[in-house]
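Same chain, two partners: chain A is paired with chain B first, then with chain C.
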Partner chain A sequence: MAQYTLQPDINFVRELQDAGGDNLKRCYQCATCAVACPLSPANAPYPRKEMVWASWGLKDKLMKDVDIWLCHNCGNCSDLCPRGARPADAMAAARNMVYKDLTEPSIIGKWMSGIAGLPYLFLIPAALWLVVWSLRAAAKGSYFPRAADGRIVFGEIFYGDYTIDPIFIITFFGACFILYRGVRKLWEMFKPEGNMLVIGQKKSWIRHLAGVLMDEIVTHRKFDDCEDGPTTGKAAGSRKLGHMLLVYSFVILAFVTAVVALGHWGGKIVPAIEVHTPMSLTFPVKILANIGALLMLCGLAALTARRLTQDRLNHVSNFQDWYLLGIIWLVACTGILSQCFRLADALKPAFVAYYFHLVFVWMLFAYLPWSKLGHFVYRTAALVYVRMYGRS
Partner chain B sequence: MAEKIGVYFDVQNIGGGLDVEALAARTREKWGDFVPIVKVCSVLADAVDEINADISSQQLDGVLLCGVSPRAEIGVYRVPAQVEYVNLREQCVLSYKNPDGSQPDFSGGAPEPLAIMAADYVNMGVVKLQKSQPPDSATVSGVRRVLVIGGGISGLTAALEAAATGYEVVLVEKSEQLGGAAVNIPVSSPLVPNWTEKQSVNLNMKISAVVGNPDITVYLKSQMETLGGQPGEFKATIAAPQGPVSIDVGAVVLATGWKPLDNKYLAPMGLECFANVVTAAEFGKRLLAGNVSARRIAFVLDTTIAEDAARDAAEAAAQQAQDGKMAEEEKDAGKFVKEDLESIRHLAYSNAVNSVGMLRLADSVCEQTDDATQAFILYKNMTVPGILERFYKKMQDRLGVMMTKADVTAIREAGNHLVVECKNTLLGMDFDLEVDLVVLPTGMVPTTAKDAVVRFDYRQGPDFPDLQLFDGFTDSNYICFPYETRRTGVYAAGCVRQPMTMDACEEDACGAVLKAAQCIEAASRGVAVHPRSGDASYPVFNFVRCTQCKRCTEECPFGALDDDEKGTPKPNPARCRRCGTCFGACPERVISFADYNIDQIGSMIREVVVPKDFRREGPRVLVLACENDAYPALDMAGMRRRTWNPYVRIIPVRCLGSVNAIWVSDAMSKGFDGVMLLGCKYGDDYQCHFVKGSEICSRRKENIAETLNRLGVQPERVEQLEVGIDEYDKVPDLIDGFVSRIMDMGPNPFKGM
Partner chain C sequence: MSNAILVVGGGFAGLTAAIEAAELGRDVYIVEKTPWLGGRVAQLNKYFPKLCPPSCGLEIQFQRIRKNPRIKFFTQAELIGLVGSKGDYTAKIRLTPRRTAPHNVDFSLLASALTGEADNEFDFGLSKRKALYKAMPFAFPGRYVLDAKTLSKSDMARVAGAKFIDPTQESRDIDLNVGALVVATGWRPYDMTRLTNLGAGRVRNCISNMQLERLASPFGPTGGKIVRPSDNCPPMNVAFVQCAGSRDQNHLNYCSYICCMATFKQCLYLLEQNPNVRITIYYIDLRAPGRYVNVLEKVKAQPNVSFVKGKAAEVAQAEDDRVWLTAEDAVRGEKLKLVYDLVVLATGMQPSLAGVKDFLPLPLDEDGFIAGGEEAGIYAAGCARMPLDVTRAARSGTAAALKAVQTVEGR
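For the complex of A and B:
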C-alpha cells in the first residue's frame, strides 16, 4: 500500500533554526517536554512530535499543526529538557514561520523575519508620513504651524479628515482583510485530511469565539494553567500580569480611538456628540486614554523585565519577540512624549514626536498579520477551532 | 601432611555464648600431640607476632585460625606455615537458629546444637590441615615473548603495548599489509576524550611504529600452523611465505578481528538486488573514494526484514530435515572439521558498532556536501556504547541527519530511486521515504566463527571449545572478566571477542596485553592465573592406578591435559586453572592437589559427629558449597543475620566440578541424611568461574543417583541447587527447604551401621 511520502526539507529546518529554534536538532525524543507541559493533552501530546517534525524539516506537518497555537509559551519544557533543545523556543519559531508565510504579500513576512528587513519596514511609513507632512506644510506655509489661537494642534499638519483617518482606515481594514484570509487559510490547514466526525451537540463558531474571549482572554486563565506545571525551581516572572495589562491597555486605547473617531465623524452629522482634539486633560475620554497609556507602560516594563531576566541557557528571545515589544514601547513612548511636548508648548519636538508616533502606530497595525502580534488573531482562531473539534 | 598444628581461637570474633575455653580444652584433649598449641586469644589480629613465635619455637607446620570466615581477613595472617580457617563467625554463630526455627538466646551460654557444630567445624579444620601439604610450584621457563595474531587496530595496539611493557613481540598477519579493517576507516568515531568528534585513526603512524620497533617481528601473509605446549613455553609454528617458522612464546593475544557477514543474509533487504543498496562497509569505501553522489540516503539499522527471512529459511530447512530429505553427511571421525558458525545473529550483535558507524558516516557525508545531503537513520535500537553517547549527541546536531525509530517493512525500487517503507515511527505516522541510496549495516562475524585460527595442538582439538552460546565469539564469558578464553594463556582482544568500536579495540588490546604479561609472570613462578591467581598447587597424577579412561582429559574445561596414544594423561600445569574438575571426574581417584584432595575432604566428612538418634538429636546434612559463589553468599547471609538449620555442615569446594562421587558415598556411609551440592548457575547465563563445573556436576549427579538407588538409599537425598553470589537472601531458604525434605524422608538407612 502506498503510504504518505515524506518530503523532508532541510532549508525549512535552517529557517526554523534562524527563527529561534537553533537547538531543535538536539532533541532525542525522550518526551520529557510533553510530560512537563501543563496544557498538553494526553492524546497526541505536544511538543515532542513537533520537535521531530521540525528536525526532519516537515514544513507541511508543522505549519498545519494546531498545537503550536495551543502552547502558551510558559517554557516549562525548555527548563526540563535534558538536552537543552529548547522546545518552547522551537514552538515559537514554528509560529514565526506561520507569521512569515501565511499571508500575502510575502515580502513583508520576509522583512519581518530578521533585523535586515527592519529598515524597509520603517522607511515605508516614514516616507508616507513625510509626504503628508510636506504637502500640508506647503499648504500651511510652515512645517511647524501653530493654530489660530496659538495652541499646538497636530491636526494642523496631520489633518484628520483627509490624511490620518483615510490612511488608517485603509490600513485597518486592509489588515483586517489580510487577517481574515489568513485565518481562513489557517483554518483549512488545521482540518485533517478526510472526513472528521464530530460527536455531540455542535455550537456555531460565534458562540465558541465568545467562549474563548470570555473564558480565556478576559480572564487569562490559560496563563495560570500554563505556569501550573512541574516545578522547575526557577522564578516564573510576571507573565500573566504584564500580558494582561498590555491587553487591557490596548482595549482601552481602542475604545478611546473609537470614541474620538465617532465624535469626529458623527459630530459632523449630530453636532451634540462632536469631539474636538486635542481634548482637555480633564475630559473623561482623555483621562481614560492616559490611564491606558500608563497601563501599557507598566505591562511593557513587566514583560521586558521578564525577558531580560530569563535563564539564557533555556530561553532565548527571538527577533519577533523583540520587534513586538520594541514597537509597542516606541508607540507608547512617542505617544506620551507628543502629549508632553504639546502641553509644554515645545513646538518642534512635539511635531517630531507625533510624526514618529504615527510611523510606529502604522507599523504596529499595518504589519500585524506578519508579526508576532498576529497571535492575538491566529491563536484565538486556533482556540476556537479546537473548541469546535474537541481538542483542548 | 601437617603434623604439628597450632590452633588459635579469636574470641572477639566468635561470640554466641560459646564456651571457647571448653572448646579449646576439648580440641587439646582430642588431638593431643598433633596440636601442641591451643590458644584462646581475645583479639587474634593482635597475636600475629605470637603465632610467628610459636611457629619457630614449636616448629609448627600448620596454623588453624578459628573465628572469621577465610574471606574476611585476607592478608592479615601471612605466616610461614600452612594456614587454615574455621568459619565460626559467619557460618556458625551468626547464622545459628534453634532446631525448631526460633531465634536463640545466647545469654545463658551457647545452645547445645551450636556447641556441637562449633566442635565439628574445629575438628574438620584440624583434619583438613593434617591432610594438606604446602604445594611446590610447577614452574616453567616463562618465555618473555608475546605472540599477537592479527595485525588490525587491536593487534597493532597490542604489539606496541606489549613491546612497551618489555616483552618481545611476534605479530602474525594473514594479509599482505598491516591495518586490517581499519584501512577503510581513516576517520573513526572518537578515540579519546571528549568523545564528541570524529577522529583520524592515524593508522600509518601505528603501522610504522610497529614496523620500526626492534622488539616486534612481523610475519605478513602468514597464519598459525599450530600452537602447542603451555603458557610460558608455548611452541608456535607459523606458516609464513618462506616456510614454517617455529617460535617459543610465553602467551598469545588473539586479535584476528572479523569478516563481513555474507551478503546473502541481507538480500531480503535489497542488497545485490538493487544497485543502490550497499552495506556500511561498502559505503565507507565509496565515501572515501569520493564516489557518493546520492543526496538522499537512508541508513537502515532495523534489519527485521532480513532476520525474518533468515528465520523462515531456517524453519524451512528444519522442516526439510525432519521430512528426512536431507542426506546424513558422513563425517570422517578422525579429521577435524570446523563448524561454520556464521549466522544472521551476527547482525544483531553488531548493532552497537553499526549505530555508531552509521552516525559517523551520515555526519561525514553531510559534511562533505556542505549540508546538502539528507541522511535518514532508521533504527530499531540506537545503541551507542558508554561514553560515545556524547558522540551521538554531537552527530545529532548535524542539519541533514534525521533519525527516527522505525519498523522498516520494505525496500523497493521505484523509477530511478528507492522507496523505504517505514511503520511505527516517532513521527506519529507510517510513511514512505524516497531515497537515492540505502545503506545497510555490516554484520561482524568473528574470524573464530569460520576458522580454527590458532590451531591448537591440544588433546581437545585445534579450535576453541564451543559453548554454543556465543556464535563463534571467543569470549568465554567469565561474567566480569573480558579477554579470558578457555585456552589458558590465549587472550582475545577486539572484534574477535565482541563487535566493538575502534576506541574499545584499543582499550581491549591494552587489557589483553596485561593479561598476557600476568600469564607469563605467573607461569614463570609456577602459579595459577585467573581465577585462582597465585595458587601454587597443581594436579598430581598417581599413574600407577590410572586406567586410561580419559575422563579427566575430556572433561577439563580448559583442555589442560593432553594424553599419549594409550590414553595416559599428560598434565600441563601452566594451562591448568586448578579447579579440580579432573579429580572430580576420576573414578580411580588418582589425581590430587597438595592442599586439596579426595582423601582430605573425605576425612573432613568422616570427622563430623553424626548422632544415632535422628528424631532427638537431629539429622546431619552435608553442604558442599562452591567457594566462588555459594560460599560468599553464605558468608553474606551470616553477616546479615540470616539463619539456617543448625544440623548442616558446610565444606567449601573449589568448584562443584571437583566434587567426586566418593564424597557422597563417604557421607552416606558416615550416616549423613542428605548431601546438598550448592553451586552456581549453569546454562545460558552460567556463572561458573570454571565455565562448566556446576553443569558437569549435575551430569555426574545422575550417576550418583543411580548408585544410591542400587544401595537402597533414596536418590533425593542428594540435591544440587543453584545460587548466585548475590542471593544471600535466598540461600538460607534453600538450605532449610532441603533439610525439611530430609526430615520428611526420615533417617538415612545406613545411619549407625
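For the complex of A and C:
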C-alpha cells in the first residue's frame, strides 16, 4: 500500500483558527457538509476535503485550492454540521489566509488579519491626507477656506489636479497591478499537476470572464443556487438582495467617478464636456450619485442586519467580515455627511467629514488586495479559471 | 416507613429490577405507562445477543412475575407525584381506565366488528388499530384495552351491549408507600420529523429502523413481510442511513450505541427474506461492541451489502415512490445521488425523560439521561441512564435492584 507522510504545518492551523476557523478541529469527517452545499460539484466536492486539509495543516493544498472560491458562504454546511465545526467559516478563514499571504508587501496582509493592525491601516492615510491638508492650508492661509463666491468647495483644500487625482490614480493603478499579480499567482497555484487536454475549441479567458460577469455576477445566480440545498430547518436571511444592492451601488458610484474624472480631465481638452464640482443637486450625474449612495446604505443595512441576527452557534463573523462592512459604512456615511454639511453651509464639519471620507475611501481601495473586498477579483478569477478548466 | 420498592417503567430493565428485588424478598410495585409490559423489546422482531424473538426472553420474565406474589404491577399507570425522602416515599399514581374486565377475555371477534380506527402507535403509525385492541399476541397482561376516543357511533352501540366492557370507567389516583425507587423509564426513537434534511418523515418509503422492526415482526402490520409501506412490494434496493440524528449537536449529541448493530441485524432480516436484495449502508463510523464484531463480519461478507463511508445528508422523494439519497463517499471524494426503493433511517435512542415534565427529583444531563439521585434512594436503570443493548439494560436493572434492596434492607 502506498504510504504518504503528512507534513502538517501546526502554525498554519493556528493561523486558520485565528482567522475564523476556530472550531475546525471538531470536524469528524462525516461528509454532511459536501451534501449540504448545493454548489459543490459531484467530483471532489467541498468543503469536507478542505476541512481535513485544514485540520491536518496541509497549507499547500488549501492555499492552492480553487474550491474555496467557489463557495459563496451561504452557511448551509454550518447549519447541518453535526459537530458545530462551522465549515463555512473555515472556508472563509482559508480565503482570509489567501488575502493575507497572496501578495506583497505582506505586512499589510498581517495588519489586515486582526484588530491589532487596524491603527496602522488607519494612520497611513490619515497622515497622508493631513499632510495634503496642511500644505494646502499653508498656501491658502486657512484650514477652512471658502471659495471666492462664499460657497464651500472641497477642492479649495483637496484640490483635484495635483492632490486627490494623482494620489488616487497611483493608488488605483497600484492596487490593479498588485491584484493582477495576485490573480496570475492564483491561476498558477490552481493549475493541477500534469497536462490538461481540452477537446474541442478552447475559449479565451476573456470570453469566460464575460460569461462569469453576465451569467453569475449580474444576475447573482449563485446566491439563488445556494438556497437549493437540503432543508436545514433553520431560518436563513437571504444575502442576495443586500449584496446585489451593494454591488450595483459600487457600479453606479464607479460610473459617476469615471464621468466626473472624464469631465474634469477631458474638459481641459474639449470644453463642451467639462464637469464642475460641486455639481448641482439636480444635475443628472449628481442624482445618480445620490441614488448610488442610498442603494449602498440599503445594501449595507441588509447585510449588517443579517450578520447581527445570525445564529451564533453556527455562524461567526470574523475580523475581515466586519472590517469590510465597517469600512463601507464609514465611506458611505462620511460621504453623505460631507454633502449634507456642505449644503447646510457648516464649514468646519464639512471639511472634517470630507477629510475622513478621503481617509476611508483610500483605505477601501489601497488595501483591497489584502482585504475581503479582494474577493470580487479573486473569486471572479477563480470562477473564470474553473470555466476554463471545466469544473463548475 | 416502607420496605417496598417502586419500579417506574415495565420494560426489560424495569422488569429485571423488579423481579430480582422481589426474588430477594422485597415487595415491588411496577408502574407502566402503556397497557402492557415488555417495553421497546416487545416491539422488536428479534433482539441481541442471540437474535431471539422478544416473546422468548419476555415470556420468562412474565412467568417470574406471575409466580411471584410480591410483585404487583399497574399498567396504563403514571407516576404523577412523589413526596417524602429516602426510605419513606409516597408516590401518587394515576391509573388510566382500561375499560375491560380484569380477566383475560378474548375480544377478538368484537374488536374486528368495530369500525372506528386510530393510528397504531405500537407499529409507529404503519397500521391502524380498532378502539378495542391488544398490541401483540403474547401481551402481558393478556387483556384488551378499550380506547373510548376511537369508538365510532356504531361502535358505541355495539360496545354498550357487550359483556365485560365498561366504557364509563374513570381514571383514579392511588398512593403507594415505598422506601426506594428504580427508574427505568427507557427511551423513545428519535423523532424523524425533526430530521429536516432527511425528509422530516414526509418522504414515502423512508422509514425509521424501529418501523422496519415492526415490518419484520410476524405480529406487525405485514405479518413479517418486509415491504415498502406505499405499495407492499418487497424492496430490491435498500439504503441504511446511520447516525440519522445521532452524534449531532442539532439533534442527539451522542452515539446511541445500538443503531449500527440494529442495522446489521436488519440487513440479515432483508437477506433472509430476499437473497437478491441490494443493501448500502451509509456510515460515519461503525460501532460493533465486543463480540458483536462477529455480526459485523458476517454482514460484511455478504456480497450484496456494501458500505459507504459518508453520512447520507439529504433524502428526497423520487418518482414511483422511490427515494433519492445524497451522500459523499468520503473515501473516493465523490458525491453520490442514488435512488432506492426503501431508505431506513437508523435513528437513535432519546431518553423518555428528555424534555418531559416529570415528578422525579432527579438530576438529568443535557441530553435527558438520569445523572444521579442515588443519595435520595432513587436508582436509574436501563436506557433512562445511558443507551444500552438489552443484555446490558438487564444487567443495569439487576444492579439498580441490588442498590434499592440495600436501601430498604435492615431497617
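Going forward, the second predicted complex is superposed on the first by the 386 of 392 C-alpha atoms of A that agree within 3 Å, B and C clash if a C-alpha of one lies under 4 Å from a C-alpha of the other, contacts with A are read in each partner's own complex, and residues count from 1 in each chain.
We adopt the following convention: contacts are C-beta pairs under 8 Å (C-beta built on N, C-alpha and C of every residue); 3 or more make two chains touch, one makes a residue touch a chain.
Bear in mind that the values here come from a model prediction, so they are computed numbers and not experimental data.
Once the structures are superposed on A, label A:P82 by its partner contacts, choosing first (chain B), second (chain C), both or neither.
Second partner only.
Contact-wise, after the overlay, does A:Q3 reach chain B, chain C, both or neither (first, second, both, neither)?
So A:Q3 only meets chain B here.
Which partner does A:K25 contact after superposing on A: first (chain B), second (chain C), both, neither?
The answer is first: A:K25 touches chain B but not chain C.
For A:R14, using the defined touch cut-off, is the partner it touches chain B, chain C, both, or neither? Pick first, second, both or neither.
The first partner, chain B, only.
Examine A:S40 and indicate which partner it touches, taking first as chain B and second as chain C; both and neither are also allowed.
Second partner only.
Once chain A of both complexes is superposed, is A:S55 in touch with chain B (first), chain C (second), both, or neither?
A:S55 contacts chain B only, not chain C.
Touch check for A:R181: first (chain B), second (chain C), both, or neither?
In the superposition, A:R181 contacts neither chain B nor chain C.
Looking at the overlay, does A:R391 come into contact with chain B only (first), chain C only (second), both, or neither?
Neither: A:R391 stays clear of chain B and chain C.
Between chain B and chain C, which residues of chain A are contacted by each of them?
28-29, 44, 49, 83
With touch defined as at the start, can you tell me which chain A residues reach chain B in the complex?
2-6, 8, 10, 13-14, 17, 25-26, 28-29, 44, 49, 52-53, 55-58, 61, 83
Name, in rising order, each residue of chain A that touches chain C in their complex.
Residues 28-36, 40-45, 48-49, 80, 82-84, 229-233.
Sort out for me which residues of chain C touch chain A in the complex.
Touching chain A: residues 194, 196-197, 200, 243, 247-251, 284-285, 309-314, 316, 326-330, 333-337 of chain C.
Which of the residues in chain B come into contact with chain A in the complex?
My answer: residues 371-372, 374, 376, 393, 396-402, 404-405, 419, 421, 426-434.
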